[in-house]
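Alright, structures below, take your time with them.
Two complexes come next, and they have one chain in common, chain A, joined by chain B in the first and chain C in the second.
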Partner chain A sequence: MNKKTAPEIFGLSLNTILLFIFAFSTTYPFWHVIMYSISDSRAAMSGGLFFIPRDPTLLAYRMLFKTKLIFIVYRNTIIRTVAGTGLSVLLSSLTAYPLSLARFKGRSFFSLMIFFTMLFSGGMIPTYLVVKNLGLLNSLWALILPGAMSAYNMFILRNFFQSIPNSLEESALLDGANPLQVLFRIILPLSAPALAAIAMFYGVGNWNSYLDGVLYINDANKQILQVYLRTMLGTAGAKGVLGDISGNLSDASSLTEETMKMVTITVSVIPVLIVYPFLQKYYTKGILIGSVKG
Partner chain B sequence: MKRPPPSLLARKTSKDRLIGLYRYMRKDYMLYLMILPGIAYILIFKYWPMYGISIAFRDFSIFKGYADAPWVGLRNFVTLFGKAGFIRALKNNIIISVLKLIMGFPFPIILSLMINELSNMKYKKLIQTSVILPNFVSWVVINGLLYAILSPSSGAIQGLLAAFGYDGKFPNLMTDKSNFRMVIVLSHIWKGAGMGTIVYLAAIAGIDREQYEAAAIDGAGRLSQMWHITLASLRSTIVILLIFRVGEMMYAGFDQIFAISNPLVISVADIIDTYVYTIGLEQRNFMLATAAGLFQSFIGLMLVLITNAIANRIEPDSSLMNFAKRK
Partner chain C sequence: MKNSKRILSVALALLLVFALAACQSTPTTTGGTTGATTTKGTTATTTAATTTTGTTAPPEPIVISTLHAGDNTPNPDNLVLQEITKLTGYIVEMTYVPGADYNTKLNALIAADDLPDLFSLGTNDALQMRDAGLLTDLTDILPANAPTIMADVGDELFKAPANFDEKIYLVFRGALGYPMNTSIRTDWLANVGLEMPKNLDEFYTVLKAFTEDDPNKSGKKDTFGLAGGIGRNYYASIFGAYGIPVDRNIQLSDGTVTTWMKHPMILDAFEYMQKLYKENLMEPDFATIPAMELFGKLWTGVAGVLIFQCVGTTNNWMPSRYTETPLPTFGFATLAGPGGSGGVPTIYPDYNSGWVVAASCETPVDAVKLAEFFASDAGDELLYLGVEDVMFRWTDKAAGKYERIAPYTDDATHRAAGAFVYHGRFASKNNIEVRLFNELTREGVALAHSQGLPDATIVGAFDENVEYASALGAIIEEAFAQLVVTDGDLAAEHAEFMKQWDEAGGTIWEEAATAMYKAENP
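Right, the complex of A and B next:
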């Protein structure tokens, strides 16, 4: 490399510093919440930066896990995420495969039909009425079915399938395989990166989705984690949980609403942080597979 | 199979075509079985609601259903535009969208250019990994993070100020009408910045290194290289992404605003989606809510069609339509 001038060195250092400040701003809040959640409520009350916990204690976690509801909403969220993602990937693959074949009659009709839903939608109320008419309100199906296939993800997959050489498929067909076997034995194994990417899109979407919980679920036993967290972040929510707990346990009286909120945030964000390295890798790839440049 | 007489070959009737299609479908029936669930899904959850849009043009009651709902033309829209709440939502929608576009669109570009200037690969990786993090959590979680940082009682900033001897109160930005739109816009930028850099950084990675070397020999400094090579190479990507952003202008961020707003700031944060939710699902006025939603989708559709046509002119391969139609 050629020599850098003094202003260049200054500029590059400033650039590095600014980037680190921004990166700090995107990561510190998570750390803050986790450290706050394992700090003693009274010590934490004054706020400020939390690089390490103050008087560490797991009291708030013990209290939160004393309530039955947290397990219920957690279980529901896991079910909708696993079942929803599995169903979505399957549905998208089954739809994308015929649309990727030049010989499939009706492919432009079906493609256009699906594409149009990317441009225009019935909107919140008509969709709500459909879910209601199907009798899905207050069931986990209401969280899984309405978003079961994203047109965008389906097209990403179809474009990927199209990039696989036809000769592989043709030779399998000559050997007497039917299209379903071709899809599952040849196409899907070759599409691992694209499948991983859309599974990530669907999985993250399912885990983080909360509007459908608000719209379609009224029954606390069917509710999901994000909606539970949303209630908890409202003043009434944290007070309610604290009230429930302190009815049973005397040492809960030292807990503040703030601590309970931080604990609930931590509990809902930890799974995402655990899978984060995978997420980042496949998500990035997926974005590029589907990016405007193709 | 016997060959049909030539006179028939010349003139394929529609009946023949149907028979041909039938033969084809019988041969490849499994493909149709495979696509069936997806098409059923699209029909039920995407097209059935589109039929439901007719509520916007009817005198509809949930108890009577569609059959007993007489057509009333544009009456619901006239009522809607007479509502101060809707006008307010429309105004907020436009203001928030425009602010997000003007302030938010350049940010990932600047961030990508900055990240690209890092020569230390470890730093580069660390920064990229860090800035994408908020993209993977829900807006409800972000709301919690905002609370943890901004809360005037136990938040990070308040405590930090107090530690430096400031004894005043840090204003509660989350309940302050004059600042809340900035909270919306800045948290939107903060959450999406890292994800936004992916496409730009990939485009930058594709730039021919020789261009920089040649420029360096000609005496171009780093800034001038950034301007004349990096940014110039990104131009078409930037234009296309900008056009798509404009196409999404009717959607000001339902997920975000529903999660982070509260009654104290609703007058500056109520957008069309949140308005639809309030009058539709809370006040149960399905007709007005559907009309408001249709107004939004319709303008949204127009914007997408226009912006796509423009994108297609600039870069023939780039439009959404092409993404769906490819090959």
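Right, the complex of A and C next:
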């Protein structure tokens, strides 16, 4: 019954091997980073592939999590990601909905104005001046508000809203719903895939953001994870070339810059990697949504 | 189901509200011991260190803001900042920026007219900001308020291009960089029955023995002589034996200032390098090997010689970086060449970067006094080692011996508490780092400083350098790697590279550099 022929077996085997190589080449770098990060620095210096850790140790992680600042910056980054993503999705929805309505006069004009910002941004210094003059420096608002709405994501959402049949909205209006009720009770529940996709875009963007932390935050109590991790690289980096005298007495002195890099990457990427599989299907969908209508 | 959805919605909404509430800006409290919130720019001229008596209210502490480039992670309310306040009366509002983004941050602050009181600059930026009236003229303030700094660099301040018009705007640090040493494993020398080499021939013999005579007694051929990378400094003493200061300008006999690659002895030096390369006595992948990996060859006992600052080989890497038991031992060689002498590139003060005081600083005298404290022995020790008897204690101060006090025994905690991370910008010639060297390293640094080769270093900036230096440097780098490995006609290939160099702007650069050098050295 259904016995496979030799060419079929060959084809399947070839596919399996190719897919295995492809899967290995995409997953190994992550594995390598994690294994390196929990290997002893000196053992890791010999290079080569890392299928298992060499002389396993959590010294680098202990060094990273030894100070209270790491917890502060994690807290700030989580707050910024949650608040920023929530606010961004809300603002994008509130903007996208009217722009998706054919009856809204001037929607082309407003769309064009928003599209313009995708081509020309204000630039770093003018944006800094705006943030400063609004009194937002040294607050997490400075990290959230300037990028609270992405024109790209708004257009993705607008296009999705446009794909929802008008009759649903008309029925709700006939039943006495006002536009806000239509948005929150009809449109948004039907737009879960699009909302999840842009929430992921915003979330990953907020989590990975770095330069705004450098520019707008002077107080270390308000600093974010990516800036902190950048400086941690230097802690080992300074030792990498010359070290410092104090290194003689510390357990961290046996750490190399490479190990700290691996730890930094792991700490930064793992949270995103954990969330990603749950949202991945929306990611693809979100991209497709943007390509359906212009 | 409906209820759980509602509960979830309410929970998410609350989470969002709490998160947004947490974003509010709070008044900045700095590392003062009293925890008092103060405002920047207080114009009081007396510091809180001046004690007050009776019912007189103590003067409000002066806040001095600084921008510090660094790659560490100090806590905002750390012990060192608190101690600075205790000792000086100044509250230091320290903004700490990753080194790579310092200029980005500074540009934003300049544009926003929001400069810190005390910060670091390079010459070009300093000149532009000076001309724009953004910097304080320290000509009168510095001598009157900073005796330590004046004793350290006062005689040379006008050598900094930013101060060429004999007005002080930029103050460079007295601390020098470290010159190159030829560090050779003495335990391996003993194993192969050789003495410390004194010239290039003996050096060749040592490298050959380290490669072929089983210097680590492993019974295997698992070692080689010289570790090194693409950086020319890894071969500084070899070229130095021919009188060539690598990566420096030289002056030819006709007075022309040009690249070290045009030194009359350059082909002889490359012939020697080729011999090492072709006989596998040096790192075979020198052109591509990353720095950490090449150091690893020394740390793991694969290579026996490294031409590098001995502060690394015999001090900071010792013992933790070395993997062998017992630990390797090192000595330093001075390699004489055909002329009977040798050397390494001379280390000069960094005239092209230093600290400045913003014109917007309301208390420039206090900013200078704070810099003076940082440069003093007490301030220097505090910035480097932390708070005495809290974070560390001296066991033999004269010998530079100390011990860390728990929980500051590891670097992460130590630096989070503010030690080491602010050190450097104000360091004097005999700063704490130098005073803590072990004896061998002190000897090595002194030896290398004493072997400085003459060169034609130009301190000031000139347009042709800005325009051509990058392209010319790329040609030199390519030429270096090629001339070491080539099997072709060395002289012809060298001539071809120098022709490329000339045509890529080298001739124009030479004319400008010669004029500039003569102007600086009349």
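What we mean here is this: the second predicted complex is superposed on the first by the 227 of 294 C-alpha atoms of A that agree within 3 Å, B and C clash if a C-alpha of one lies under 4 Å from a C-alpha of the other, contacts with A are read in each partner's own complex, and residues count from 1 in each chain.
Following the convention adopted for this analysis, contacts are C-beta pairs under 8 Å (C-beta built on N, C-alpha and C of every residue); 3 or more make two chains touch, one makes a residue touch a chain.
Keep in mind that what you see is a predicted model, and the values were worked out from it rather than measured.
Undergrad: Given the touch rule stated above, what does A:E258 touch, chain B (first), chain C (second), both, or neither?
TA: In the superposition, A:E258 touches chain B and chain C alike.
Undergrad: Touching A:R230 in the superposition: chain B (first), chain C (second), both, neither?
TA: Both chain B and chain C are touched by A:R230.
Undergrad: Is A:L173 in contact with chain B, with chain C, with both, or with neither (first, second, both, neither)?
TA: Neither chain B nor chain C is touched by A:L173.
Undergrad: If you count the residues of chain A that each partner touches, which comes out higher, chain B or chain C?
TA: Between chain B and chain C, the winner on chain A residue contacts is B.
Undergrad: Looking at A:L211, would you say it contacts chain B, chain C, both, or neither? Reply first, second, both or neither.
TA: A:L211 sits against chain B and chain C alike.
Undergrad: Who does A:I125 touch here: chain B (first), chain C (second), both, or neither?
TA: A:I125 contacts both chain B and chain C.
Undergrad: Return first, second, both or neither, reflecting whether A:F115 touches chain B, chain C, both chains, or no partner chain.
TA: After superposition on chain A, A:F115 lies in contact with chain B alone.
Undergrad: For A:K66, decide between first (touching chain B), second (touching chain C), both and neither.
TA: second
Undergrad: Taking the superposition as given, does A:L190 touch the first partner, chain B, the second, chain C, both, or neither?
TA: neither
Undergrad: Which holds for A:G48: it touches chain B only (first), chain C only (second), both, or neither?
TA: Once the two structures are laid over each other on A, A:G48 reaches chain B alone.
Undergrad: Jot down the residues of chain A that show up as touching in both complexes, chain B in one and chain C in the other.
TA: 45-47, 124-125, 128-129, 211, 214-215, 227, 230, 233, 256, 258
Undergrad: Would you tell me which residues of chain A are touching chain B in their complex?
TA: 2, 4-5, 8, 11-12, 15-16, 18-20, 22-27, 29-30, 32-33, 36, 44-50, 91-92, 94-95, 97-99, 101-105, 108, 110-115, 117-130, 134, 145-146, 148-149, 151, 154-155, 159, 162, 178-180, 183, 204, 207-211, 214-215, 226-227, 229-230, 233, 256, 258, 261-262, 264-265, 268-269, 272, 276, 279-280, 283-284, 287-288, 290-294
Undergrad: Using the touch rule from the top, collect the residues of chain A that touch chain C in their complex.
TA: That would be residues 42, 45-47, 62-64, 66-70, 79-80, 82-83, 86-87, 124-125, 128-129, 132, 135-141, 144, 211, 214-215, 218-221, 227-228, 230-235, 237-254, 256-258 of chain A.
Undergrad: Could you please specify the touching residues of chain B with respect to chain A in the complex?
TA: 21, 24-25, 28, 30-32, 34-35, 37-39, 41-42, 44-53, 55, 62, 111, 114-115, 117-120, 123, 126-127, 129-134, 136-141, 143-145, 147-149, 151, 153-160, 162-163, 190, 193-195, 198-199, 202-203, 216, 221-223, 237, 240-241, 244, 254-255, 258-259, 273, 276-277, 280-281, 286, 289-290, 293-294, 296-297, 300-301, 304-305, 317-318, 320-321, 323-327
Undergrad: Which stretch or stretches of chain C touch chain A in the complex?
TA: Against chain A, the touching part of chain C is residues 12, 15-16, 19-20, 22-26, 28, 70-76, 93, 95-101, 104-105, 107-108, 111-112, 114, 178, 291-293, 296, 299-300, 309, 311-312, 315-321, 323, 384-385, 403-404, 409-416, 419-420, 433, 436-437.
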